[in-house]
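Lettered A, B, C, D and E in written order, each chain numbered from 1.
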Amino acid sequence: MAVLSIAGEAVAPAGLLGRPVYELRGVSKTFVRRNVQALDKVDLVLREGTFSSIIGPSGCGKSTLLKIMAGLQPPSSGSVVLEGKPVMGPRRDIGMMFQQATLFPWRTTIENIVLPIEIRDGKAAARAKHDQARQLLDLVGLKGFENVYPSELSGGMAQRAAICRMLITEPAVLLLDEPFSALDELSRDFMNMELQRICLERNATSFLVTHSIPEAVILSDVVYVMSPRPGRFVEAITVDLPRPRTLDMMSDPRFGTLVHRIRNHLDKGAFQ
Amino acid sequence: MTQAQVVASAIPEQTIWKEHVSWIDRVPRWVSMLALLIAFLIVWQIVYFVELVSPIILPSPLETIEDLFVVGKNLLTGDYMLAALWITTQEVALGFLIAVVLGFGLGVLVGETAFGERAVMPYLVAINTMPKVAFAPLFVSWLGFGIASKVALAAFIAFFPVIVGTAAGLHAADQNARMLFKTMGASRWQTLVQLKLPIGMPHFFSGLKNAAVLVVVGAVVGEFLGGGKGFGELIRVAAAQLNTPRVFSLIIYLSLLGLATFWIVAWAQRRFVFWHKESVTEETLAQ
Amino acid sequence: QNSSTKITVVLPNPSAVNNFPLYVALGEKMFEKEGLEVEVEAVDGSSQVLQAMSAGQAQIGQPGPAPVLAARARGVDVVFIYNHFAKSVFGIVVPEKSAIKSPSDLKGAVIGVGTADGAEVGFTRAILSDLNMQEGKDYTFLPVGDGGLAAAAFLRGDIKAYAAAVSDAAIMEARGIDLREITPEQYLSYFGNGYAAMKSFIDQNPETVEKFGRVLVQATEFGLKPENKEKVLQHTKAGNPQEGEDAKLSAALFEQVKDRITPFDQSKGWGYQPPEHWEQWHKSAVESGILKAPLSNPKAAYTNQFVDAWNEGSK
Amino acid sequence: MTQAQVVASAIPEQTIWKEHVSWIDRVPRWVSMLALLIAFLIVWQIVYFVELVSPIILPSPLETIEDLFVVGKNLLTGDYMLAALWITTQEVALGFLIAVVLGFGLGVLVGETAFGERAVMPYLVAINTMPKVAFAPLFVSWLGFGIASKVALAAFIAFFPVIVGTAAGLHAADQNARMLFKTMGASRWQTLVQLKLPIGMPHFFSGLKNAAVLVVVGAVVGEFLGGGKGFGELIRVAAAQLNTPRVFSLIIYLSLLGLATFWIVAWAQRRFVFWHKESVTEETLAQ
Amino acid sequence: MAVLSIAGEAVAPAGLLGRPVYELRGVSKTFVRRNVQALDKVDLVLREGTFSSIIGPSGCGKSTLLKIMAGLQPPSSGSVVLEGKPVMGPRRDIGMMFQQATLFPWRTTIENIVLPIEIRDGKAAARAKHDQARQLLDLVGLKGFENVYPSELSGGMAQRAAICRMLITEPAVLLLDEPFSALDELSRDFMNMELQRICLERNATSFLVTHSIPEAVILSDVVYVMSPRPGRFVEAITVDLPRPRTLDMMSDPRFGTLVHRIRNHLDKGAFQ
């Protein structure tokens, strides 16, 4: 377990090697109209196949950072580079997921899943992907739900379909903005284990925004703690629990110490 | 014996709390509707009987019902009233079509572009507050005395709710869904067609329902003014002849036409916007 | 005199020139002198005039003869008392440059009318059937409404002739559509709108009716004097300021109205209704379907009982 | 040199990605509205110039503007047009008031009771599809030639959206809020007054906005038909005289009256329903 | 730590004494119209000053049970007795709180808080309670927010106001239906500690519905585990951690064992 203070330096925590996939340098963001500085000089390197989390008080700029990384918003200054190419807009090698599953009720589950293909390459290409979509549904345990409409899916099932939709384009990185926080805790734990399994299976590079300390610790190789607005990384904590993780590890004393450490950091920031 | 045991065994009867459904909620719908209709007819007959109103202003309900049969027979035997109804139906159908196309187009302009929303919409609102019948001569001089001019007036009277419905619908997609489309790299056109339009369908349809009612009124008013050969003209003639039972029975048939148009739209909504459950009130309107 | 009698008079259209005697009487305070307090209201058409009267909202109204017959058929005891437009208010007009010179030239023509079965339809049908022309075979009617709609019909060439109220024709001419009237003289006996009241009102207030008519006669004669023209136009302008704003139009309209209120035979006095003209109307109402069956007592639809009293003073 | 370092130092310029705001969104609102108006006037003038329509059907824009000044002067000098406008304004105000009271009452009946919703509402919908102008003589014969009959027709034409708005508003309170009131032991009346009505205000007000526009149309149509001395009567006289510039300028002033009514309602909504932010489209309508 | 299987018997877990406040006998509920049996013969005794939780899979009937206890819905059979009197409708000695704060936007915070008094005793009585409402606002840390409108409160602040509204009527029992599950985890932990403090201060009898196992354990004296629909209590677990509890106790091994035990029970039911 190694803890590094990184202030303004794009230093990857020690002990993590692998090709750098995402590189952010001095990314900051000010919303001019409302005169809000949401992010202050964030530097970040994500390496291939790692799982990183970011945790911080509400409104500190986590979603803003993710949107900039995904090419949905330009930064006010700084640069974002993915796989050697600067991010200047949405890209198909980025997969993204939000708190709401946002499945479209007029499309069946499988049609929802191939939607990104349909948007980018047309209906024919989407149809060609149906087989692959079915395999993904298998992967997340939704076999047999291909042709039902989303109104018949529970919250957790809808989020699983959203995972499939994210994966269908075979993205190099996954950006996850509190993907399961609308689910009840039992389903959420379950979905987190599913997520880990999928990421390991595909060697995906993942970046997760969360409010839950145990969730961040159980899933991540590195947990970044962010300060209140304007958001800055105040600490990066490497989690050296073995993979694959299980829910039982939550009773592990190492787990407890990590959680405790992060909570202390956050308490300082969040509730003065 | 502990206190807990005492309590647990001592409450056999009055703790049993049952829901009760008011008898008025258990009356079948058709019964209450019929009751209301009969009550209304009785009041009407009394008003007539004590001669509160002259018969050339308000006919008696009996006369009106009698005339309903006369008109009904005429319609069924394919006589001149059927021809008139057919003309008005055509006007309504075409007027509705044009109102939908025009309203949809302008609604997209207003809902999708800042220019439409900020510069065009205020004019549309202003036009909507004008008494549109005053423009009837314009339509006649451009389109003649056939059904075209009535269709134009009907569409003109009915198109506004379609604009409002369409524009509101285009604003209905939430931030999440928009962002999702952005991550997929969807073009503006794709976002419009695949996201905003389907999500906006419920709003669009409530605009259509308003339009469905207005278009009937528009067609009839067009016939009142510009001499057509439809139901409006029949009403006008009957009114000029002080044949009030006929006026009333024609109006009742017209309102059936209006209800039919409304129902068709409501049916289309249930059929094509199958994923959207309506509010209770809207459901009533649609039944 | 002590307290004055209040009456409401309801007209089928808001034009003041059309009803200049009424407005002259108001302007010259002639009603006041007779102890009448007259309120004038305008609705939309004869049937509404009759409805307002039968509801007791107005004591005297100015319906057309055909609607009066229709109302009587429906059991409303309304009686025509004063023949205001003693000549037909309708005329068949054609564009100035048209080749049509007389009704017999209308073979094959489309004739514009206000409503599908307005009074002008019966009027025109009577003229043409005397010439052995049949509707649908030799000519057709097209209901075009009035005002701008009728003008549009002429401009578009949808109609060759228009069976119009004279005031409509006058207005169109004033607006630059040159028209020519081709109505044969004898058909002017289809007299137009006049004053009517409920039978019960006449029976209970004979003096009021007498006073009202006397003032109308007085005002008519005042208005017809050429030297009073300016005053007349002043009074009608007071009654309908917007109409009066266009002086040229008002003057033209005034000339038309003067002609139409003047009966061919003036010997019987103002307001007189020739029984044979009523018979004509009755016949035409039955033929056009306004009446489902002939009235059992068509003579009860009108009365000339006040005519002499009205004209006494002026003679 | 690792790959990471290369990447990190080598992207100075083209990675800097800036948002750009389209010039059309930066045009001030009044500029685009004025531009649209001028464009419209030019098209109108061209239509007039090439004599697409006879001047007794469509006046020239110049004539119309001239007449706008004539009417404006008449209004300002307190001449007969001001009197007419005052009458129509009274009719609109009273008609609106009655439409609101009546519509609210029926809306509560429909929204609160199963009987109202299931039995009364279908009849209200049917009535709404009737050409209401046909009832004008009834109002005149009951209420006379004064403003009362026009007020009644205006209210009759305008009351329906208030019903729909009120009823929809009463359904707007969610399950949570209802349950909360239940836990407090609130009576049906308290739930109505303290919960459902305030929560339903936004719906109620959008009904009022529709009614505000309709009530002007209703008052004018009432004057067209039933006599009276308001603006509708002026339009009728001008139309009968084929004085089209006047007809157009009167209509424009009337639409200002309609907009004013609409704005008053929108203002009242902002004032009294301060907690509710409207959608963008509604905001435009309200500006 | 004592574990008791209670099947169809109104037995309070051993080690908990105190006057019984709430007593349920054979409460079951079937929704006739949709033919759903939501609850199957629930027996329950809550003793004065205790904190109990109920945890179970989604849709098992927890909310239904709470509504029956609060007198919002009649049971299909069985009886509910509070303080010796049968519950036959809403009562002022019951305080209730839901997942949504449901403050009314046209009332200021303090007006929202005195609403239950206004509903029951009129405006004058409500005004008389303003002082007490202000004290409650102090208690939950909302001093100074009396006269702002709810739109200016964050989610956590709104829930605190909702607590005040529940407490203003001085209820004998608190029924809490996932009161903080809409908050992010950091705020939620914080609010839970506040809730404990308030309950201890007032010696309130509380009954909490939750989806979160750690939350149930950290707050409760007894945790009831419910089976999937139709809901029945399958286990009652007594938590004998000392009071007042702190978040740090989550690292306590006893805590870990309890969580583990409950999770095992639920896994059996929830995800077969």
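In this text, a residue touches a chain if its C-beta (ideal position, glycine included) is under 8 Å from a C-beta of that chain, and two chains touch if they have at least 3 such contacts.
Nothing here was measured: the structure is a model prediction, and the numbers come from that model.
Peer 1: Shared touching chains for chain A and chain D?
Peer 2: Shared contacts of chain A and chain D: B, E.
Peer 1: For chain A, which other chain has the most distant CA centre?
Peer 2: So the farthest one, by centre of C-alpha atoms, is C.
Peer 1: How many angstrom between the C-alpha centroids of chain E and chain B?
Peer 2: 47
Peer 1: Where the centres are mean C-alpha positions, what is the separation of chain B from chain C, in Å?
Peer 2: Distance between chain centres: 41 Å.
Peer 1: Can you list the chain D residues in contact with two or more other chains?
Peer 2: If we look for residues of chain D contacting two or more partner chains, we find 54, 57, 137, 141-142, 224, 239.
Peer 1: Among the residues of chain E, pick out those that touch two or more other chains and give their numbers.
Peer 2: 89
Peer 1: What positions in chain C touch 2 or more of the other chains?
Peer 2: As it turns out, chain C has residues touching two or more other chains at 47, 51, 54-55, 147-148, 151-152, 155.
Peer 1: For a test of understanding, state which residues of chain D touch chain C in their complex under the given definition.
Peer 2: Going by the criterion above, the answer is residues 54, 56-57, 79-80, 136-137, 140-142, 144-145, 224-227, 233-234, 236-244, 246.
Peer 1: In their shared complex, at which residues does chain D touch chain B?
Peer 2: Residues 24-25, 27, 29, 32-33, 35-37, 40, 53-54, 57-58, 110-111, 113-115, 117-123, 125-134, 137-138, 141-142, 164, 167-168, 171, 213, 216-217, 220-221, 224, 232, 235, 239, 247, 251, 254-255, 257-259, 261-262, 279-282, 284-285, 287.
Peer 1: Which positions of chain C touch chain D when the two form their complex?
Peer 2: Touching chain D: residues 8, 10, 13-15, 41-44, 47-48, 51-52, 54-55, 57-58, 146-148, 151-152, 155, 171-172, 174-177, 240-243, 246, 249 of chain C.
Peer 1: Okay, in this complex, where on chain A does chain B touch?
Peer 2: It is residues 67, 70, 72, 89-92, 94, 96, 98-100, 102, 104-106, 115-116, 118-120, 149, 151 of chain A that touch chain B.
Peer 1: Considering the complex alone, what residue numbers of chain A touch chain E?
Peer 2: These residues of chain A touch chain E: 57-58, 154, 181, 184-187, 190, 211-213, 215, 247-248, 250-251, 253, 256-257, 259-260, 263, 266, 270-271.
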